[in-house]
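Each of the two complexes below includes subunit A, the first together with subunit B, the second together with subunit C.
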Partner chain A sequence: MSDLSEQVGEDKTGTRFWAGLALPGMAWLAVFFVLPFYVILCIAFGSVDPIFQTAAPEWNPLQWNTAAFEFVLEGLFTSGAAFQTVFLRTLLYVGIATALSLCIAYPVAYYIARYGGRWKGLLLAGIIAPFFISYLMRMLAWINLLQDDGWVNDVLVWVGILDVPRNWLDGRASSVILGLVYGYVPFMILPLYAFLDRIDRSLLEAARDLGASPFQAFRMVTFPLSMPAILAGIAIIALPMFGDYYTPDLLSGAPQTSLIGNQIVLYIRGGQQIPVGAALVVVLMLFLTVLMGYYIYATARAQRRLGS
Partner chain B sequence: MTRLRSWLANPWGKPRFLVLFTALYLAWSIVPILVAIRFSFNEGRSRSTSQGWSLRWYTGDPDLSVLHDPTMHTALLQSLRLALIAVLVTVPLGVALAVGLTRWRGRGSGTARGVSLATLVTPEIVMGTALLLVFLNLLTFVELGTMAQAIGHITFSLVFVVIIVRARLLAIGPHYEEAARDLGASQLQAVRLALLPMLVPAIVASGIIVFAISMDDFVISNFLSSGTSTDTVPVRIYATGRTAPTPALNALATLTLGATIVIALLGFLLWRTVRAARGQAGSTVGEFAALDAETIR
Partner chain C sequence: MTLHPRESRYGRRELLQRGAAGAFLLSSMGSLLAACGGSDGGSGADLTFATPENPVTWEIFEDNPMIASGLEPESGTLRIYNWNGYLWPKIKKDFAKEYGVKVEETFFSTTDEAVAKISSGAVDFDVFFPTTDRVGRLILGKSLQPLNGDYLPNLANVWASLRDPWYDKGSQYTVPYATWTTGIGYRTDKIAASPAKLANPYEIYWDEQAKGKLYLLDDSRDAPAHMLLKNGIADINTENPDDIALAKAELKSLYDQNVKTSTDDYTNLPEGKAWVHQMWSGSAISAQYYLPDGVGTDALGYWFPQDGRGVIGSDMLAIPSNAKNPVLAHHFLNYLLDAKHGYDNFVNYTGYQPPFTALNPDKLVADGVVPKNLRTAIVRESDFDVASQFTELTPTGATEWQNAWAEFKAGV
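So, the complex of A and B:
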């Protein structure tokens, strides 16, 4: 970049060349990612065709109709209304599943990063394996295990925890949360591992030299250092969980475990009130954007603290 | 032996507890899959107990096996078809985008980078709804089914190629192209002859990742499917997972997993070969895994 001045002419064609390379991909994202968001808005603010019951999008933002949003917001802010119940349930399930995932992911990632030694390759293969197994197949495995005459019941009855086999798949929060944790925890272990593996060991040695016990060294050095990775891990699994509808459908299928994703599917694919479904998607997006904003803020704060 | 004795003396010492915990986690994560695979070889109809060994649900049963039930083998073919299309389109598109965005510092490059990262944090249900509505209401020439599903898969997997290739580009730096330019190569030649060969390992790795996430995808395939004929394997599992009367669904899932593993292994071997040919040392599973971890991060 030092000889920039003599290359100004050169740089201009260079810029055009690089921009040209990026153009097809950018056009793709514009048409199939950015544009669809505008269409969602036009449908959420549109109306329903009175004869065909299909969505009638309103392309002109000046004539947007807020009926669908009013319906959704009223449902969200009336206590006891269906939307509010489902939304609070989603928050609860995602919160519990994320917390449990962190409790599982952190020790595993920490062990592999610090003490993996010559087993590291094998252990890593073990935590990466779920990435190559379809999420739905992993849920299918639990459907098999949780059947009335399945192995989970066999073991629980044999150990004596249960007297008679229990039906685990008839609308239990515990089954859905188990499914969420089982499904998403690998996505948290990997970033945590990648981060913990990079922590400079001399920092820990310094802490020990200064008289810290191993636990103190962990509490005062490793843990604060890994804060950004913890936040990233939470964001990575919580965001998709908020849009999950297949885990409750497969492991419960009952309305009492219905999540916000199930409501969206109901309205969008059920066909009757597509604008309501679109409005739900927009509200979910706004909510997740706020969460993302907090995540970015918290990460910046954690990094600032480490810097000082 | 001494180690075993000291472990028994104090199993709750720090690393010891962690060993146990990690072992339990790995067992918990892998055993259910092995059990599901085992049931696919059942001789009887049960999907929850072991009943002998046979290939009945793969090929044997004249009506309900994967081979003879059309909804099953079409699903497997549809999954493979979509994954193949996704790899063939996404990898070139993503490599060009990554190279362009990394080297181009003009106005708009920041926005483009932001948009490609936004696809990463957008929940699939949002993207699925958005694409479904756009195909139904605006881009109506795209029919639901393979075409729409392929567009969806390409859209959400693009960012993975960008991340992997960009990381490699930043590691390479701009010097090689500059040298090629100084020696008289045109800009295109510099990219093709100097940069692209160095990117081959990253390109192969991103191809494997795209294949794997396309095979894994459920939400987009489900939203944009036009019916049973374009259902993928995960969509079949979703539709019949609770009601399936036989282990044929387990057999279908096992075959899909097998296909993914074969492709991933072939890709890994290819990746190792090209890396060795380029003189990059340390081609181990761990390295490959680190690459994967890098991507997710």
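So, the complex of A and C:
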């Protein structure tokens, strides 16, 4: 008995010890996420200084002013209004870019995990290498590649796909989506690789032994197993894409390809309607929270299925 | 709906705390500041500010005095708050050497960002670069200190009209730094048409050849201003809903031209991203240095109406009220107003012209500072008599314009 109670006691201190280790992380979250988020709320529900026209946050929730939210929600739920148009466009671009990223990332991750062999490390390093250069610089490089006399046009004309150079930077959706895919696809490859690499080969061998063709083995074993990784990859790249504003700015600059992030920047960086910009941020976050909620639910379900 | 500052937040007490500003204007210039009763009985601020037709002499507040004459400059670090690329680094070095001090420059990217920081009082810069559309608020909020003219003898180099400008009669809080016009830049080697030859020069934005190579300035005031002027509306500060709707419709009609917005006009045009670009005159002068090899400066064109009836403006220098080195800052302002220093800063770096009487357009062209075909980018003092200048908008007007601009930028 005494042994047991001692053991329990030990476990308790152990729990406290491990909980203590989480403290710095929690403090970090509180200081650098919860607090700033509260400030954003106070700005969204606040007003502007009548003299300087700068944001005047309202710290007391009892006195919050909902005008900015009403304005944003009205714009989001009025068909053809600016906010709704931009939001739907953002949804579309992010959807296409995420789907394309998955189509590119899955085979790459699969190849490295299954056939990378001793080159695995090198291949992974190759995928991570572009990250040594800042996102901005990489997008600026694309401007050079895509411009009238850039390499993209040179190659396409040389191969014969195009007769004359195309103006890829004249404000087209395809350039923006290309930029998004290029910028975020490595974030998709890494979690997929990490997961696919850990899939037990014996499961596949068992599937083959039971008469599955290689494709059937992939469809019925590998793919369902990698579902959580696919969802994680989608969440990891879709969330930052929703807030992206510099990719459309750099690769297009046209109003017709602007994203919700551009509207947020417009309202926050200039003029006296900073609460509207902050309200847009909050609404976007709420939307993403719903997406994240679905992600958590879906991964939990997938894990349960795998477990059973 | 429109957003309006919550009036209850800033009642009489708040305004009094901020100084006698409101009181002064109420008593002596009732038309400039009308206090409007809030629904809850508190009075809020509905500020109207200086316009060229209605110049303002700002009050010198007792609790925000100017420095005394005859003081020795401080030996601390002179801290400058400026746009990036708006001051020749060598000027800073030379000044630092001459006065035996350090000079440090911090950059902001929008006036709003700068005003937010300066007005919060959390930063203590010695020199700031305000614009006409915000300077009144900074003065009323006591964020700028009155200047002591004894330290600024070089102000005599400036055009008479800008020594006594409408936004700050008697140059009590500011001195002029640079002048500019908003015109149209175009590539003479790519576009057959030229604005000057069109019946309505602004029609160049709708030119077939400009399609996909067309940029407007990414600015909620500058871009619509050209749409207004195209339709013969010279009041670019109009708050008439019909005018705003018209400007918005004109902007949107440029979607078919694949219009884009940017403020990198000084590189977009020479590098060939744009063939027609709404442009600031200073950018037109700088653009020549960004042309690719083998393309001569005659490939660049800049149009500003010959009769001067376009968009014009002037930027200025001021000293925040919480500056740590106000005497040194006065010396720096005077240093920049020196004919040679101001000229060097203009021709070697910024491309934005100081309003000096000694600057002669013919000489600028003869000296090769400004290519002959860009002579239109030189700002003339007489232009200020007829051109349109941006002034403060009322909160309602500012909201309407910003929402119209946001709608255009949404690509609806």
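The definition used in the following text is that the second predicted complex is superposed on the first by the 276 of 308 C-alpha atoms of A that agree within 3 Å, B and C clash if a C-alpha of one lies under 4 Å from a C-alpha of the other, contacts with A are read in each partner's own complex, and residues count from 1 in each chain.
Definition applied: a contact is a pair of C-beta atoms (placed from the backbone, for glycine too) under 8 Å apart; a residue touches a chain by one contact, two chains touch by 3 or more.
Source: prediction; values computed, not measured.
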Residue contacts on subunit A - larger count, subunit B or subunit C: B
Partner chain in contact with A:Tyr111 - subunit B first, subunit C second, else both or neither: first
Which superposed partner A:Asp170 touches (first subunit B, second subunit C, both, neither): second
Touching partner for A:Leu136 - first (subunit B), second (subunit C), both, neither: first
Touching partner for A:Pro240 - first (subunit B), second (subunit C), both, neither: first
Which of subunit B and subunit C A:Thr85 touches, first, second, both or neither: second
A:Glu205 touches, of subunit B and subunit C: first, second, both or neither? neither
Contacts of A:Leu123 with subunit B and subunit C, given as first, second, both or neither: first
Subunit B/subunit C common contact set on subunit A: 55, 147-148, 169, 253, 269
Residue ranges of subunit C touching subunit A (in the complex, touch as defined): 1, 3-7, 9-10, 18, 44-45, 47, 109-110, 112-113, 115-116, 119-120, 137-138, 140-141, 143, 211-213, 215, 220, 255, 258-262, 272-273, 395, 398-399, 402-403, 405-412
Complex contacts: residues of subunit B adjacent to subunit A: 14-15, 18-19, 21-22, 25-26, 28-30, 32-33, 35-36, 39, 46-49, 93-94, 96-97, 99-101, 103-106, 108-109, 112, 115-116, 118-119, 121-127, 129-134, 136-139, 151-152, 154-155, 158, 162, 187-188, 191, 212, 215-216, 218-219, 223, 233-234, 237-238, 241-242, 249-250, 253, 256-257, 260-261, 264, 284-286, 289-290, 292-294, 296-297
Contact set on subunit A toward subunit C in their complex: 47-56, 58, 65, 67-68, 70-71, 74, 80-83, 85-86, 89, 147-148, 167, 169-171, 252-258, 262-263, 266-267, 269-273, 275-276
Complex contact set, residues of subunit A against subunit B: 13-15, 17-26, 28-37, 39-40, 42-43, 55, 57, 104, 107-108, 110-112, 114-115, 120-145, 147-151, 169, 182, 185-187, 190-191, 193-195, 197, 214-215, 232, 235-236, 239-240, 242-246, 249-250, 253, 261, 264-265, 268-269, 274, 277-278, 281, 284-285, 288, 292
